[in-house]
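The structure is given below, and queries will be raised subsequently.
In this document, chain identifiers A, B, C and D correspond to the written order of the chains, with residue numbering beginning at 1 in each.
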Amino acid sequence: MTASTLSASQVQQYLADIFPQFDASIVHLDKEGAILELATDVRHLRPGGTVSGPTMMALADAAMYVAILGNIGKVALAVTTNLNINFYRKPAPGKLRAEARILKMGARLAVGDVLLYSEGVDQSVAHVTITYSIPTQ
Amino acid sequence: MTASTLSASQVQQYLADIFPQFDASIVHLDKEGAILELATDVRHLRPGGTVSGPTMMALADAAMYVAILGNIGKVALAVTTNLNINFYRKPAPGKLRAEARILKMGARLAVGDVLLYSEGVDQSVAHVTITYSIPTQ
Amino acid sequence: MTASTLSASQVQQYLADIFPQFDASIVHLDKEGAILELATDVRHLRPGGTVSGPTMMALADAAMYVAILGNIGKVALAVTTNLNINFYRKPAPGKLRAEARILKMGARLAVGDVLLYSEGVDQSVAHVTITYSIPTQ
Amino acid sequence: MTASTLSASQVQQYLADIFPQFDASIVHLDKEGAILELATDVRHLRPGGTVSGPTMMALADAAMYVAILGNIGKVALAVTTNLNINFYRKPAPGKLRAEARILKMGARLAVGDVLLYSEGVDQSVAHVTITYSIPTQ
């Protein structure tokens, strides 16, 4: 674990500025990855009381973006080009946690994967791989 | 094109009952696929004015679900197990259209893909492949 | 359908030069896509007599590469960055056909999808989405 | 790490019986995953001397299959339904290692991911997520 280029609170503030609707908390950030938590509420649930798929995808995508910011600093224009998600356990309501790790931080593409967890449950509920395209500086 | 098992209006009504927040319109439905449209508003946009990734994933997932309902009738418990999306053009604000086609309607798994379009633009903005697990009857 | 930048026979010759082990036939090529066929033999089969997964992935990847060459001309250094395949029907022995279409031919990334078919069967056996990274000229 | 249901040598022998062409070595196996190594030779390389994509996909798929066998015992008919691979570093010739972990061992579907490594290099070269369909007993 190497210290990140930006701190968790710097990234949290930066995202609050550019994505006012960003409502997840960055609970850990280093050069290799990030952990985010989201307190889900009724807007994030679907019938049956499980967390919705789009909520999980959005949190995973945000976690990867935070990990990239932590690794290389502010790159507002980085965009997701590919996201692949496997849903395999029911996510309980309550906090949803995303643990993102960077697999490759390239000059043009960043690749990582994210495990999603429901609060208080050891086993992950979904796995996500994400590629971001990094703009040429 | 074979007529669907349920009509577009039957599926629209069914979804309104079980997913009150479902806000897309089914504009076409047959045995091989479905076309849905979503009138995006500020809730669906991200900074820069493009439609957000989660909005695109949610509409694609709904389109595949509608296509399955049209093919085999009401299966409320069908769940998405895998979703893979490639984002490759900026989706303009305005209507977002999803064209889903069923590739395989199996006894246990349904596989399909979805092309997403911005209103008034010929080329697609994203491509999605989706697998649903079908509960044993 | 716009004529391709290189003809099918030009690409076939080019691949024979740089990939001597390339053993598929280009049966169609235009600006939007390519169709390849592979006469499978015992090397491509797995126990049970179906075509192996790696054979299907290799043919799909080749079909997308041919489609890119047909669209933009010789780019020997284009590399696959992502490949996602859904296998959903058993591929019979005999000819395997790959129909690739280009979804986006960007300056840095090319995205397409490929349907795979067994000879004489109308329904596809697998669907593949592929992203290639295009080197800066 | 819980002991696997079958030992590494039992699975190695089983695969030698049913897949005579299986040429990778199982170097570790427990209930949560498997590690396989393949000594690549000229058949596995592509122009430029890197290990070919189909070789990487085949080894990853085999590693996941071994992990499933180690977890639940002999299930000859388990079949791959989805494979998603991100290639992000050049795999050097020499030994290729696959580290598979099981994310969910369900009654109908098994989901896992695999990291691929070149011998003597710390960073992974590719990441793969794989879903197997498990036949009803």
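Going forward, contacts are C-beta pairs under 8 Å (C-beta built on N, C-alpha and C of every residue); 3 or more make two chains touch, one makes a residue touch a chain.
All of these numbers come straight from a predicted model, not from anything done at the bench.
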**Report entry** Pair exhibiting more inter-chain C-beta contacts, B-D or C-D
**Finding:** C-D
Query raised in the report: If every chain is reduced to the average of its C-alpha atoms, which one ends up farthest from chain A?
Result: C
Query raised in the report: At what distance in angstrom does the C-alpha mean of chain D lie from that of chain A?
Result: 27
Query raised in the report: If you average the Cα atoms of chain C and of chain D to get two centres, how far apart are those centres in Å?
Result: 24
Query raised in the report: Approximately how many whole Å separate the CA-defined centres of chain B and chain D?
Result: 33
Report summary line: Residue ranges of chain D touching at least 2 other chains are 81-82, 84, 86, 88, 109, 131
Requested in this report: Enumerate the contact residues on chain A facing chain B in the complex.
Outcome: 18-19, 46-47, 52-55, 57-58, 61, 79-88
**Report entry** chain B residues touching chain C - in the complex, by the definition given at the top
**Finding:** 82, 84, 86, 88-89, 103-104, 106, 109, 111, 113, 115, 123-124, 127, 129, 131
**Report entry** Interface residues, chain B side, partner chain D - complex
**Finding:** 81-82, 84, 108-109, 131, 133
